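Report on the structure given below.
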Amino acid sequence: MLPEGGTEMDNVSIVFFQEDGIDAPILIEGLPGIGHVGKLVADHLIDELGGELVAEIYSLHFPPQVVIDGEGIARLVCNEIYRCEKDGKAILFLVGDFQSTSPEGHYILAESYLDIAEELGVQRIYALGGYGVGHLVEDPRILSAVNMEHLRPEVEAAGGSFENVGTGGAIVGASGLLLGLGEVRGIEGICLMGETSGYIVDPRSADSLLGVLSSLLGIEVDHTFLQERAEDMEQAIETIREAEEAKAREELNYIG
Amino acid sequence: MLPEGGTEMDNVSIVFFQEDGIDAPILIEGLPGIGHVGKLVADHLIDELGGELVAEIYSLHFPPQVVIDGEGIARLVCNEIYRCEKDGKAILFLVGDFQSTSPEGHYILAESYLDIAEELGVQRIYALGGYGVGHLVEDPRILSAVNMEHLRPEVEAAGGSFENVGTGGAIVGASGLLLGLGEVRGIEGICLMGETSGYIVDPRSADSLLGVLSSLLGIEVDHTFLQERAEDMEQAIETIREAEEAKAREELNYIG
Amino acid sequence: MLPEGGTEMDNVSIVFFQEDGIDAPILIEGLPGIGHVGKLVADHLIDELGGELVAEIYSLHFPPQVVIDGEGIARLVCNEIYRCEKDGKAILFLVGDFQSTSPEGHYILAESYLDIAEELGVQRIYALGGYGVGHLVEDPRILSAVNMEHLRPEVEAAGGSFENVGTGGAIVGASGLLLGLGEVRGIEGICLMGETSGYIVDPRSADSLLGVLSSLLGIEVDHTFLQERAEDMEQAIETIREAEEAKAREELNYIG
Amino acid sequence: MLPEGGTEMDNVSIVFFQEDGIDAPILIEGLPGIGHVGKLVADHLIDELGGELVAEIYSLHFPPQVVIDGEGIARLVCNEIYRCEKDGKAILFLVGDFQSTSPEGHYILAESYLDIAEELGVQRIYALGGYGVGHLVEDPRILSAVNMEHLRPEVEAAGGSFENVGTGGAIVGASGLLLGLGEVRGIEGICLMGETSGYIVDPRSADSLLGVLSSLLGIEVDHTFLQERAEDMEQAIETIREAEEAKAREELNYIG
């Protein structure tokens, strides 16, 4: 909830639910984007590691709407910061409903995210996303970018690919700006993008991304949930494909 | 009219026509939206209960235009606050020409509406609207959302439905933000949305919504006007349907 | 030209070329719009009455461009204030290249225009424009709106029509806002809109509008230029029509 | 990189890498635009003359993204100022990734560019661009505009054409505003636009533009790189044309 008593909404409002002991050296961003790959991974990790809600971020750069939860309660769209601890390692997560509605808003929000990161002692940001290729991908690579040269070997060792390099690629929105504006503040930034068709929510790509990410983090995470969702999705696609083939055969018989 | 003598328009300008004795615990929002369901209900209530104009709201977030009234007088587009008293109960209404032209403007205007609400002692807001379903609805349900959990039983008792819950629904614009931003200020918010096709102005849906609303308000309101308009509308649709069927039969005869 | 030495552009910059003796009780607005009807009338009047450039208005709410004049000199797009005197009557004109690129900009610019109007003692604004009807109009009416009730009889006596009243009409952009926001400052506003197809620049409609306007102003103005342009335009349309008919006949012969 | 430690991004952030001895009387603007003609010329000159990076310009009016370089390093999109010296003549260059995403941003950025120009003692700006004509151009003219009358003879003597004059032309974006807003500050502005189809990146048009520009600058520049790229492009187009003709002939044979 927003701070009570305020009479005007600022560009960005941040509400902390805890003040002490919430520092962490790592921030993982998984906001909505292509194939919801980053969001799937971040939400899965928060579930698996038992994340605790640390802060909510409201902004007039988000769409002007509320979402209705399973109880019929409307709540303002927002982004959220969660915090987890695993094997003595503390990790923050940036997740939420939407990215900005405008180009300027993307910059303003990214600076707010980095303000929070600095306040909480973050030294490295993992920005997660999808990399749309326009066709189904059987074995998705995790295409990567970094904001400081010394980070590349570590990413490659963990299975991240730099094969996209040299194609004039760009990273649009929060993931890109966290790297670009983060570098200015001396915060390391690693962007991991799971190859995905761009047409569907893609848990298979998320599963691959989780592999590289957990290797980089040095933590073990159960993949079962993402793998089951990926199998469900693949089963559904297969069923549709078979139905279409059956229909095509039928039409051929009819003609013949 | 706007405050005289001003040399620059603020984001939002509010002009009060009365200062004293205009408090009320209830605000009903019926701004233009899907099927104009909320607007029909609010305008009808203001007529029936004899509302008095309390304030006008101007903003550069509204479309840059004037509307021409029946006498050829142009007046700037605005939203208005009316006040009614019925059976010792005081009610404020928020109605008007338009909602914001931009996402940011929606937030800025909603905060202004809430500033007025707080100033006038409002403790509960009813946000009225339509819920577009893409086809004609014979017996429109009144789908509902609340901004505090304790409000739901009351809404259900009055005939509001929560069957939309769990579908990931959203409420966009003023209605949504009054709930979301109102909650921050401790103002109860109930959104009532009459099912409607989304293609026509829908007095039938408004009539159903009025039933639930007047039950929640605990006041009796005459429905005649809305019901007559609904019958006129249904008669007009029936006439079109018959004409189309007659035309279709004729064409069949011609072919046959 | 903009004030020299400034290091940052304000929302709106106004540059006066004269300071003294430039007051006038009347402002005529003829900015670009439907059929360029208002612009044609205002530009014609400035020519006929020998207007003098009084001020230029620059704004980041105009399109970000320069226009190239007949000598190859680029100049920033702007609006301009001209001043004329005829039979002891002083009149200001607001003309120019463009209206605002955004809804908010329309409001901000209109307030700036009214600031100038107040400073120069303007008591009445004539806002000129076109009224698009979607088909060629032989004898265009001058549809009208006013911002104060007492102005209507005068407009009707001069030949202005209020037959558009009651259709829920709106006036968008500078013309509308000068009436709406002007009323707040106690400045009389009369909007005259020449019926026009909306597809072509329409000197015929402008010629009709000039008739009503000069009657309201109580000044005689030569119409020759607008009438000649109207005849040229009608001749061109007639030539196109004949060519199309000839082509249609030819095709019939070919088929027959 | 942006100034470290800042917690909020300004509209425009300028980072200087050198402070002393970077003045120059000439600024050449070659931002992305039609056919990338201006960009090709400016980038070529920086290469040939050995330009040194003097400043970077960041802004929330640029697209919210990073670009990935050949090493996989992401960097925030920006514009850049380079400085060259040749035959004792110092020249500044304004080049970069993007122009503004909004009309207002174009004005704000152009004023920032002019602030830098004034600070560095610039007395003349060459704004380079393409002039789209919708078809391939064999021998592209360099169409021109100036912001002060006395500049025209010099441009004509160097081979710049003013044949576009009198067609109501406009120059949109940074090139136009540098002339229009530059004039206000007493900075001479010359816009050179190479004719180009508008469909392809056009090194042939850039090569022609370089001829006029180097004559105006009074410096010799090697054209080899641009000419080779132009020949490669023309070869590629010729190959496509031949393939299409061969295909057309084949189809004719098949039919015949």
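Letters A, B, C and D name the chains as they come in the text, with residue numbers starting at 1 for each one.
Everything below uses one rule, namely that a contact is a pair of C-beta atoms (placed from the backbone, for glycine too) under 8 Å apart; a residue touches a chain by one contact, two chains touch by 3 or more.
In this text, all values refer to a predicted model and were calculated from it rather than measured experimentally.
Asker: Give a one-word verdict, same or different, on whether chain C and chain D use largely identical residue numbers at their interface, taking over half shared as same.
Answerer: On the two sides of the chain D and chain C interface, the residue numbers are mostly different, under half being shared.
Asker: Quick one: superpose chain A on chain D by CA and send over the rotation angle as a multiple of 5°.
Answerer: About 90 degrees, rounded to the nearest 5.
Asker: How many angstrom lie between the CA centroids of chain A and chain B, rounded to a whole number?
Answerer: Taking the average C-alpha coordinate of chain A and of chain B, the gap between them is 37 Å.
Asker: Can you compute the centre-to-centre distance for chain A and chain C, using the mean CA position of each chain? Integer Å is fine.
Answerer: Here the centre of chain C sits 52 Å away from the centre of chain A.
Asker: Name the residues of chain B that each touch 2 or more other chains.
Answerer: In chain B, no residue touches two or more other chains.
Asker: Line, ring, star, complete or other: which describes how these chains touch one another?
Answerer: Graph shape here is a ring: one loop, exactly two partners per chain.
Asker: Could you please specify the touching residues of chain C with respect to chain B in the complex?
Answerer: Within the complex, chain C touches chain B at residues 100, 103-104, 106-108, 110-111, 115, 118, 144-149, 152, 162, 164-166, 168-173, 176-177, 179-181, 183-186, 189, 191.
Asker: Spell out the part of chain C that touches chain D in their complex, as residue ranges.
Answerer: Per the stated touch rule, the residues are 1-9, 60-77, 101-102.
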